[in-house]
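What follows is a pair of complexes built around chain A, which joins chain B in one and chain C in the other.
Up next, the complex of A and B:
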């Protein structure tokens, strides 16, 4: 296994995920521009310093009738004209794949300072149309065609699989939903921060919280979101210079200490069949998490102060709990019952509110998770700060547990 | 009025310092009553809806459930009447929230009852938007005055998060810190502390602009006015459509109150146009009566009022002068080029563009002139305009124009009073950003349209 990386994160900027850019009558390029210019200003970096850019996006061709997104980076500032840029796609893991590509280029010594933008504009179409677009992250013809909401259905099956192997109670899923919504109230960029939500609502089984796919109800789902997140990655050399300029020590600049990346078979049924004799339902996800920890030199989840995980549905967070090793396989409910996942608990998960509370602009989620970890380890997360966080880990998943990427970011 | 940034741990300690587990809402059948009560049910286990009759309270609960679309409102709610239930409910309440009609004597009479049966450490909050917090608690006992405050939600509270917190002279400072943290963290509010001045901060500044638009409509007609002071000037909803939405009677109550109780440098812009008074007698009250500056007929065709005659004609028939600069601004906003769009606006030729600049200058000037009077710094006015009205905050406009010097130049050209604060900032020559909340995206205020 390759050693931990020497790639530093200098910070970044997230757009307000509550915004509806279609209602503002804005083009995709405005979303890109606000995130990039916001990041430059927040991090006090001159645009001329940027050497290369990577854009993570899932499906702008469908949502916005627009491809060639790497090129749109150059529209954000006149000095970007001529920069090497590109776009990366791996469904909901697109943002993390863009980070992986950028960090590989830094480690290869090609560039010292890179911009990574995760971006998705999704409120351009009606929910059922959007649901069908999202279905292209599965094997469309076999798993999504003709299904109203393919992904809730697939992640409902993940819940069913847990139920079959270990037993699963809806109240634990409701509690996961409640916690994400509660944390989102602390996050000024979270989409749902002013929505009406509490545990009773998450548990209610009426038309106010309808089923959308199998056991998955509206309160179990992440959101349809417009959003972009830009982060800057730097080499050690650049980070040293940057730290000096900011009056900091290099050790105070967060570093991507470890990464993990696996891709499982496309169809959910094949994944489950493969793991029939495994104690973990999605062993490739487990492997991604462990690789990132190992590369970071961290023994287990006790060395992680907070987690930003991919709760596209409550069942995916339920899966993440045991896959991170917070509990034994199949015992995720214990962590929920014991309050370990709360911001001031033993293993805080999604202090930002996650995909359910903060929102899920598909291609931006991986970069959003990384930026929220940056905020945690630099003590700048405001109301959703986990006290004394030094090492935080992400888990970003594309498809039905298909592409998994995890980063350990720490100081 | 000071607000110091607190760490997350401090906020958690503050939130743990006292409990709000039982809330009583008085006037729970009114719009602000049920809207606020619904909001409380999100974070409070027991909320009692009280009204003159139990049936009225039940109506309020029904409206609350409908507003936030959650049956959990009902599971946390109790209903009752003043006559049968007030004493017991108030005695056991941690927070008594008053949302009665905006009538001093009605509120006073209710507070007499509340004072006689509340527990000493209960909090009493009023949602008043027009009455003085100090007069409302005048003559009450010490514990009442220490625990009394204004908590001004905007309508509808489930959508608009900007909230004003107003202390009386004797309100306990720690209580204010607690209420601010509770409202922000548990209720998702953007909290702004204001002085106990007429219409507080948001309505004082906002309705000045709305009323000025109504004044201009008499000569220019509503269509041109709403186009000139439209989305490209930093707002999602145009001013006259806003007055139709809030209701002409509410608009009158707010501006009359300000006109009567203040005498500021822009006094006459707060005078209600006579035609509005006349038309209100004929039942023109905005959307709620189906007739305002605008209405849509059964075929969804828009009609517009002629303020001089009271007649309506199709919006499609209204001839407008060349306003192509507005389209040019919108095109730039569409791509997120807000500074460039603003420059087009500042440089646009013609009487219409000049008039639009005068209204925008008037807004900035009026807001900066209110610093020290309604809030300690411009920040409070900025946030309530942004999060209460969904308008570009005055400081955001100044920043987007290019800073204090550019704003001073723009304002002085319109003949509006230049605020000393901006003049000093321009003279200092230091490049300075006035709006410094990175969590608040300024781009959202510049709607491309």
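Up next, the complex of A and C:
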């Protein structure tokens, strides 16, 4: 086992995010198993090769009355009994926290091949109960208790803050919704691929598109999703062996070129107070994005061919646009108007459909973003391929901009 | 920031495990804050020095209706806003999983000084509700649903398995209980330090010592505890600087010399079926202990001066005795009879009082064990000091022997 700072991504598997595992009468463990066995088959890796596993999950304790989630990995295949496992959580950024933990162990030389599973089964409960569970990603007592849908409300406030500082028009949020739904139609694993949505519908202010929290309406929201995504991370040594076996050069295997990770204060009001004199509304999110680029040796967003960002609501994608540096602070609307975010645009965002279009099984989202970046940079994204993508970047956010993690994946 | 494989422990702080934070009307965040600020003061470290934080917690979602636990670290001091944080979980081994994640990041050269907080607030609910929450550390649907106290029942079965394979007498379990309570009287942070317990009481088979699950009686159980423990981990580079500032030599700062980490199958019945032809009842726990010793360059338990082990029940400590190699498999009773486990014995176990005597705030236990080993090897354990201890080892277990983690800490 060789210590080294390179971490490679060998691929993985995403379950169909349109499925409802509760309706199928299937336990959390079945969801885990499908993602793991699917990844082994897709990547042509024998189960005996896996040395360790990390699970990203937000709140199976609430949704499924089950903790100790890492241990369920050992149930996915008989040869896994005894493997080191652990579960990692940072609300909606849980999947990325698991990737950070796994990649650190590879960089430290502890293991050469690791599985990372992001997973969440959310359709076990009614939407209002689920909304309350999601409230535990915020400061529950102070921001969520007694609020019907805490997170739409908090991300509505993000929109309000943009409106106050720079002005914000509903039509730009509606365009963001429209684009994510459109892209999702190209993604065979997207939850909404057969749903109906266009800009007019996203803009409508009637009961067809009801308000759920502040300025956030249904069309602005990501989905409640059951899903799991397993990816494999490897040391340079293992990646070399793997590339040879697949008839590839090491340079063709995507590498995590950079990462960023920051945590702002918990309450949204505290974040906004802290950033009052900053040109960015969420400066710690901006730091995370820049750290990942810097570690990757990339100067700015012009070196990034596609972005998979955290659009839990249209306002979070609106925030991501200027925080990535696609526009100046407060001018995200320009990128929308100019069509830069389309798959064939200057700065494609969420070719997969993102959380709004592809779905948002909370603990799985960070790993789903990484896998979709893998597909982009290996030219295997099918109908949602960004032509010639070599470097892609993720942004995964937990809470109201609280924990942020970003990866640059490239070949 | 220099990459390197040495991880040093600079000390830390444990809250008084006898306190009931719910009765004090205090939120989870207050428990976190006391442990962190206490550790900074104890170790004479400025808050601005901390670069990253890891939180070990089992199930605050259930006990406190709160997730996103890593982010609460940023609330402990104004200078922490923006620091990278994450939460790590493996049931009762959560604290050790957080230490593993933090130490990997130091080994990888990502950070030079990290805080690890193990934390659990459990006295928010009635004992039967809490017992059901603990059941989520097992396979809930299959092992815990509808069972009054799932974990006493499962660890009762561990006793049954010993009984079947090798014979097991209640008096040896009672002695283990007596010893942990006795040691706890020497520990100013132990939950039971003023409680009454002796061997006769632990042996009694009346309503004074009621059965809670199978052969497990109240005196065999660890406690329901509110508590948090913060420890600081550092790179060699930082430890050198720190030692100099404290007027110490680097060699006087304890180092994590070795670690082990394994995960067995989830259900207890599957574990026992797997080990049917093995001389150890829980062979993956044995592997964890041996891996930690091997990495530390220590041949066997004779190189370990004291052990802090996972006595969630007397049967788990009984199991630990032979699995550490203090006796041959099945002969743990000999170590009890010979007095080897006493603080001044040949193989002291749980000088702190362990989970039975010191208390068991689930997510904090792994960090509490590490901190108590730190106290031993720096000669600062006060009344529960093991004379001349240089190398100490932990064993932290999640579930019914499912996830196990062990550290060797030494100078």
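Heads up, the rule we're going with is that the second predicted complex is superposed on the first by the 406 of 411 C-alpha atoms of A that agree within 3 Å, B and C clash if a C-alpha of one lies under 4 Å from a C-alpha of the other, contacts with A are read in each partner's own complex, and residues count from 1 in each chain.
The criterion applied here is as follows: a contact is a pair of C-beta atoms (placed from the backbone, for glycine too) under 8 Å apart; a residue touches a chain by one contact, two chains touch by 3 or more.
Every value quoted in this text rests on a predicted model; they were computed, and no experiment measured them.
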Contacts of A:180 with chain B and chain C, given as first, second, both or neither: neither
Touching partner for A:91 - first (chain B), second (chain C), both, neither: second
Touched partner set for A:394, first chain B, second chain C, both or neither: neither
Which superposed partner A:74 touches (first chain B, second chain C, both, neither): second
Dominant toucher of chain A (residue count), chain B or chain C: C
Which of chain B and chain C A:383 touches, first, second, both or neither: first
Partner chain(s) touched by A:235 [first = chain B, second = chain C, both, neither]: neither
First, second, both or neither for A:30, with chain B first and chain C second: first
Shared contact residues on chain A - chain B and chain C: 27, 75
Contacting residues of chain A [partner chain B, same complex]: 13, 15-16, 19, 23-27, 29-34, 38, 41-42, 75, 185-186, 188-189, 193-198, 200-201, 204, 206, 208, 343-344, 381-385, 387
Interfacial residue positions of chain B with respect to chain A in the complex: 7-9, 11-12, 38, 42-43, 68-72, 75-76, 158-159, 161, 184-186, 188, 236, 330, 333-337, 438-441, 443-444, 446-449
Residue numbers on chain C that touch chain A, as the complex places them: 3, 5, 27, 58-59, 61-62, 64-75, 81-91, 97, 100-101, 104-105, 107-110, 133, 136-141, 261-266, 274, 284, 287, 398-399, 402-403
